[in-house]
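Down below are the structures I want you to see.
You will see two complexes here that share subunit A, one where it goes with subunit B and one where it goes with subunit C.
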Partner chain A sequence: MLGLRDLQAAFAAHLEGEDRPSLADAVMGDTISAAARLRIHRHHVAESLATALAATYSTVQAIVGEDFFRGMAKAFAATDLPRQPVLAEYGGAFPAFVARYGPAASLPYLADMARLDWALNLAFHAPWRDRLSVSDLADLPSEGLLASRVSLAAGSTLVRSAYPIDRIWEASRPGAAAGRVSLDEGPASVIVLRRSGDAAFARLCPAETAFVEALADGKTLEEGAHAAFAVEPAFDLSTTFARLLALQAFAALQHES
Partner chain B sequence: MNAGAGIGLRSPHLAEIARDRPATGFLEIHAENYLATSPALETVELLRRDYEFSVHAVGLSLGSVDGLDEAHLDRVAALIDRLQPTLVSDHLSWSVAGGRYFNDLLPLPYTEEALQAVVRNVDRLQERLRRRVLVENPSCYLAFAHSTLSEPEFLAELVGRSGCGLLLDANNISVTAHNLRLDPEAWLGNLPASAIGEYHLAGHTVNEADGEPILIDDHGSRVADGVWSLFDEIVRRHGPRPTLVEWDTDLPALDVLLDEARRAGRALGVEVEADARAA
Partner chain C sequence: MNTTRVAIASALAAALVLPAATSQAQGNMEKCYGIAKAGKNDCQTAKSSCAGTSKKDAQADAWVSVPKGACEKIVNGKLTPS
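And then the complex of A and B:
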């Protein structure tokens, strides 16, 4: 007779694809065998995790279709089960899995679309508070502003890709106008953001990308501007800063006492 | 809570419910869907002002031999503090082993050893939440040969030792009884009726295993006729309780779900009026 600890360990192994005779022996079979009864649970775990991943990675599913997606998601889940029960937080390693998933090798941008889906998911579940606003800056002398470090708000992340991920994302929406996106459109980078009721992203030009990347690394606004100038001599700090401020991309300033 | 009938609150219906505030007995959410911050949680907090709520957990894993995951328990406790729901529940099942979460309500052997593990976990949960919780009978697809108690006997012992209440799911009784060749009415006869704090209703589907029909608790359709009959029998024996219609897969239009809840209300002898929302 299996004690509870051994039974749960054997059941867990079964769900991960390993047949344990001791478990099958412990389950009563009749015209429906013990093995067939156990398979119901194995099937449910794989299918329900594929459904959870489809909710998080909806763009990836829209690109590859439901059947292909579920096959890929179940292959991922077989090697990387959730560590806790909040499924919105499950699947952070899926983009890396997509990148090395052989059957998807003909879609080189797919892993980046997965990274974008994950960033949108993180942004959606980020707290909506303490955003930097124009009025916060009113009291600050401009030389003080340039020397300050402005960090990205919770949920704001930069996603860089060698492919036009923003255009591919738009073309994958339900009801998107028919049209082809050419991979020759080249690299794109976007900033993903929590908004008041949802998550979204905005495309950044290369200089803006360098600026945001510097700020995300803890650099001052002035250092960020230098990084942007190095990419694009015509970079306009005040236009870019105002745009990012309007997107509510920054966290409120931390006042040091 | 009045013994009315309510609906499971699912995210595709959230905006419509927030806009129209339809009359229904109460709303039930799955705890694990609202543990991360999100705009959906903000909407639920607004709805909480107008509706009574039940928080139904699916991932506490009350049957885990390793005990409860304290980090997860802290998050559930914080949500319950925030929403102050009328009812809190989870299942007689397990879903965590060795730090992995299986996203399924897995079956327990009904033994003294398992009973002690569930009692320990329910004691811990009630101590942490400082309230009584309801434990739901699961839908079963298999039984263990070394079980020494029937499911109702196990639940009765659990209630006696932990002081928890029961969430009686009529669809799960039907599914389990069919799949394990039990008599649903006999199953009902052994329950401690006074501990029942809530009923659940949901649809199931019929699949095949080894060429034989097996019922799967998929919450993807209207409540089956046989389950309505069983529900009538439950209400006749034990009286009305707050009753929740669950629908999770192939989610229908909100009106269909509200219509199922109205039917449940009629079975309870409780009509939901337009002003029957919680104050």
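And then the complex of A and C:
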């Protein structure tokens, strides 16, 4: 008879696909044998995890179809079981798995779509916190504004890709128009945001991306502006900053001390 | 303060007085793509049941090795990013 520790280890190994005779001996069977009961449980775990991944990675599933997705999701789940009980937090390592998943190699953009899905999932479940508003900045003198550091709001992520991920996302929605998306449309980066009732993303041009990246890195508004001008000398700082404020992309302000 | 710093400070300050007008004027740029999920809880027990669970596990599944979905709309890709 297995001790509790060995029983649990054998059970965990079983869920990952390894059959141990000692485990079957520890499980009762009747008209359904112990080995069959264990397989039913393993199958049920794999199906449940694949369903949870499909909910989080809905764009990936739309792109590859349900059958392919379930095969990929179960292959992932067999190597990466949940470490905590919240299924919405399960699957953070899935994008990296997709990137090296051989059968999906013909879709080089797929891992980036998974990263976008994951960022939207994180944003959706992020707590709603107060955002930076125009009035927080309005009374600052010029020097104070230049030296301000603004951080991205909770749940916000920048997702950069060599592919037009925003267009692919759009084309993958249920009921999307039949038009095609060409990968030759080139790189895209988006900022993913928690909104009051949902999660969303907006596309950023390369200079805007440099601006947001610098700010997210803890740089001042002045340093962020320089980073953007280095990418695009004609960068429209006013329009971009106003746009980001309107999108409520930033969290609390911290003044230079 | 040199002229570049003055220009940056002015541009930032201008953003503070223009946001509403700017976002209205640039409807296209403001295009935002949102998701709204049904509530997800810890265990999804309402959705997962043993119905349909066979006695055999996933090893017996004949799973499809060819993606077949919206990827058919996405064309002209080079296999490696340039």
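The working rule: the second predicted complex is superposed on the first by the 252 of 257 C-alpha atoms of A that agree within 3 Å, B and C clash if a C-alpha of one lies under 4 Å from a C-alpha of the other, contacts with A are read in each partner's own complex, and residues count from 1 in each chain.
The rule is short, and it goes like this: contacts are C-beta pairs under 8 Å (C-beta built on N, C-alpha and C of every residue); 3 or more make two chains touch, one makes a residue touch a chain.
What you are looking at is a predicted structure, and each value in this text was computed from that prediction instead of being measured.
Once the two complexes are overlaid on the shared chain, A:V86 sits against subunit B and subunit C alike.
Of the two partner chains placed around the shared chain by superposition, neither subunit B nor subunit C is touched by A:L158. Residue contacts after overlaying the shared chain place A:S48 against subunit B and subunit C alike.
Using the contact criterion defined above for the overlaid structures, shared-chain residue A:R5 touches subunit B, although it does not reach subunit C.
With both complexes superposed, C is the one of subunit B and subunit C in contact with more subunit A residues. Contact with neither subunit B nor subunit C is seen for A:A73 once the two complexes are overlaid on the shared chain.
Of the two partner chains, neither subunit B nor subunit C is touched by A:A188. In the superposed model, A:T239 makes contact with subunit C only, not with subunit B.
Of the two partner chains placed by the overlay, only subunit B lies in contact with A:V27; subunit C stays clear of it. Looking at the shared chain after the overlay, A:D198 reaches both subunit B and subunit C. In the three-chain superposition model, subunit A touches both subunit B and subunit C at residues 32, 36, 39-40, 44, 48, 52, 85-88, 124, 197-198.
Residues of subunit A touching subunit C in their complex: 17, 32, 36, 39-40, 42-44, 46-48, 51-52, 55, 58, 61-68, 70-71, 74, 85-88, 103-110, 120, 124, 134, 137-138, 142-143, 145-146, 162-163, 166, 168-172, 176, 178-184, 193, 195, 197-203, 221-222, 225-226, 237-243, 245-247. Across the complex, subunit A is touched by residues 1, 5-6, 8-16, 18-20, 22-23, 26, 29-37, 40, 42-44, 47-48, 50, 53-59, 61, 63-71, 73-82 of subunit C.
Interface residues of subunit A facing subunit B in the complex, by the touch rule stated above, are 1-5, 7-9, 11-12, 15, 25-28, 30-34, 36-41, 44-45, 48-49, 52, 81-89, 124-128, 196-198. Only residues 32-33, 35-39, 42, 58-61, 64-65, 69, 71-72, 75, 94-104, 106, 108-109, 111, 113-114, 117, 141-146, 179, 181, 209-210, 212, 214, 216 of subunit B touch subunit A when the two sit together in their complex.
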